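Each in structure tokens, the structures are laid out below.
In the two assemblies presented below, chain A is common to both, partnered first by chain B and then by chain C.
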Partner chain A sequence: MLPLSLLKTAQSHPMLVELKNGETYNGHLVSCDSWMNINLRDVICTSKDGDRFWRMPECYIRGSTIKYLRIPDEVIDMVKEDAQAKSRNRTEMNKNRGGNSSQNQRGGGGGGRPGGGNRNNAGNRSGQGYGGGPSNNAMRLGGAAGQQGNRLPHAAKNNRK
Partner chain B sequence: MSGLESYINHTVSIITADGRNFIGTLKGFDQTINIIIDECHERVFSTTSGIEQIVLGLHIIRGDNIAVIGLIDETIDSRLDLANIRGEPLGPVVH
Partner chain C sequence: MADKKVGGNNDGKEKRRKESILDLSKYLEKQIRVKFAGGREASGILKGYDALLNLVMDNTVEYLRDSDEPYKLTEDSTRSLGLVVCRGTALVLICPQDGVESIANPFITQ
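Up next is the complex of A and B:
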């Protein structure tokens, strides 16, 4: 399993990111790329010594500044499901060359166009699944990382609603 | 490919560039030695008290920050009496 696939699966989940300079960022992962650059929402930044906090609605972190990411335990099981879903899509694609299940109503059609359509659909399913609407809702509902909850200003909760 | 392949799903000890020691199950790695560590623990060494184990959970550690990855012999490791082992904490890597 690749670290960056795990990170991608962790989109919309809360996480803790420690930077090389010792600062930590608690927030929900919005997006990431192949350089480990990441977007977080509802962020709490903690200074290196752990006694100063900053709350920010979002932030962007350059991958090369990251030391490690701590992510929820259950995410590792979801990667396997992701991979299975992907391979299932792939085999379906091969079976239905020239029209997949959603396009069957329109009839088999010529080889060329439906073939292209299939490729696009598969891309949407596997590539953008976690970045879409549901994850945004989840982020707005979920609190920003409970770990320092006792030191958070209570106003934070109200702002989020 | 890399010698790390044979460490997958085994317990490993990671020493990071900032001198910390993480123990956990290696679940994956990539070409830059970013690694996935499941059931990650940190062992904190001290000269005045025993080794403190801190449970951390699932981690992705960035390759830049990794100095050493070692395979742990679980039968030997489980015999260790961590509470009675003292040692100087490691310092960070000096560039």
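Up next is the complex of A and C:
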């Protein structure tokens, strides 16, 4: 359950957004991006002290200024379906990718990929940035350690699904 | 390096994803209201913008605040700023000025 997948699923739903400055915005989510920038429509803005209100037809809010968002409970049931579909696609993609790289015998690319594969298995996106960058030695060290540690729990997780 | 690899696979998609979810072209030559980090608010006619959300606004008016209550606007006291460039990183909120109105507590019926 990723915060941004939940948010994406909540599109067209009503929600409350509180900004770091204390103002709250109630409106229907129109769109959001990976920075959590959001577009709302039919918005009611409440001042920090909660005694003044404005209506605005639509507004754009910068993601970095958001403190939290309140989302209707029922959205969480919808996001699970999304997540399952996504993880299914991802495992298929991994299979394809594994087959290709072994056929092509791309040395450098192959060296970088195990990290990437491991990242996908672990569901940890933060590894992505490092996948292509560091030297192969560094990757092997990280990859070996990571695989030993991660493979078992992760495989178990996959089997459950 | 990693970015290039990803981009090489699907250049078009990668670029499209970077596009803003906000289409500011619909606000061009219209009066918009912006809130800045730190509490300043202004409204003006949108003349231009870029991908970083830097804005060019004309006939800009800043809404002034009391020094005692820095987050409380005094709607009637303003100062004119004229032609300004707003830095995108300092923007908190953008909305069209048209249709923004102060209303009574809409949640009180609960």
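We take it that the second predicted complex is superposed on the first by the 84 of 161 C-alpha atoms of A that agree within 3 Å, B and C clash if a C-alpha of one lies under 4 Å from a C-alpha of the other, contacts with A are read in each partner's own complex, and residues count from 1 in each chain.
We adopt the following convention: a contact is a pair of C-beta atoms (placed from the backbone, for glycine too) under 8 Å apart; a residue touches a chain by one contact, two chains touch by 3 or more.
Keep in mind it's a predicted model, so treat the numbers as computed, not measured.
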Specify the outcome, clash or fit, for chain B and chain C once both structures are aligned onto chain A. fit
In the superposed arrangement, which partner chain does A:K48 touch: chain B (first), chain C (second), both, or neither? second
So in the superposed three-chain picture, is A:L7 touching just chain B, just chain C, both, or none of them (first/second/both/neither)? first
Touch check for A:P57: first (chain B), second (chain C), both, or neither? second
Per-residue touch tally on chain A - higher for chain B or for chain C: C
Should A:V75 be classified as contacting the first partner (chain B), the second (chain C), both, or neither? first
Name the contact category of A:N39: first (chain B only), second (chain C only), both, or neither. second
Gap in Å between nearest CA atoms once chain C and chain B share a frame through chain A: 14
What part of chain C is in contact with chain A in the complex they form? 1-2, 5, 17, 20-22, 37, 39, 53, 71-72, 91-96, 98-106
Going by the contact rule set out above, which residues of chain A touch chain B in the complex? 1-7, 20, 36, 63-64, 66-73, 75-76
Residues of chain B touching chain A in the complex: 16, 18, 27-30, 34-36, 38, 56-62, 64-65
Footprint of chain C on chain A - complex, ascending: 19, 21-22, 31-34, 37-39, 43-44, 47-49, 51-62, 65, 112, 128-133
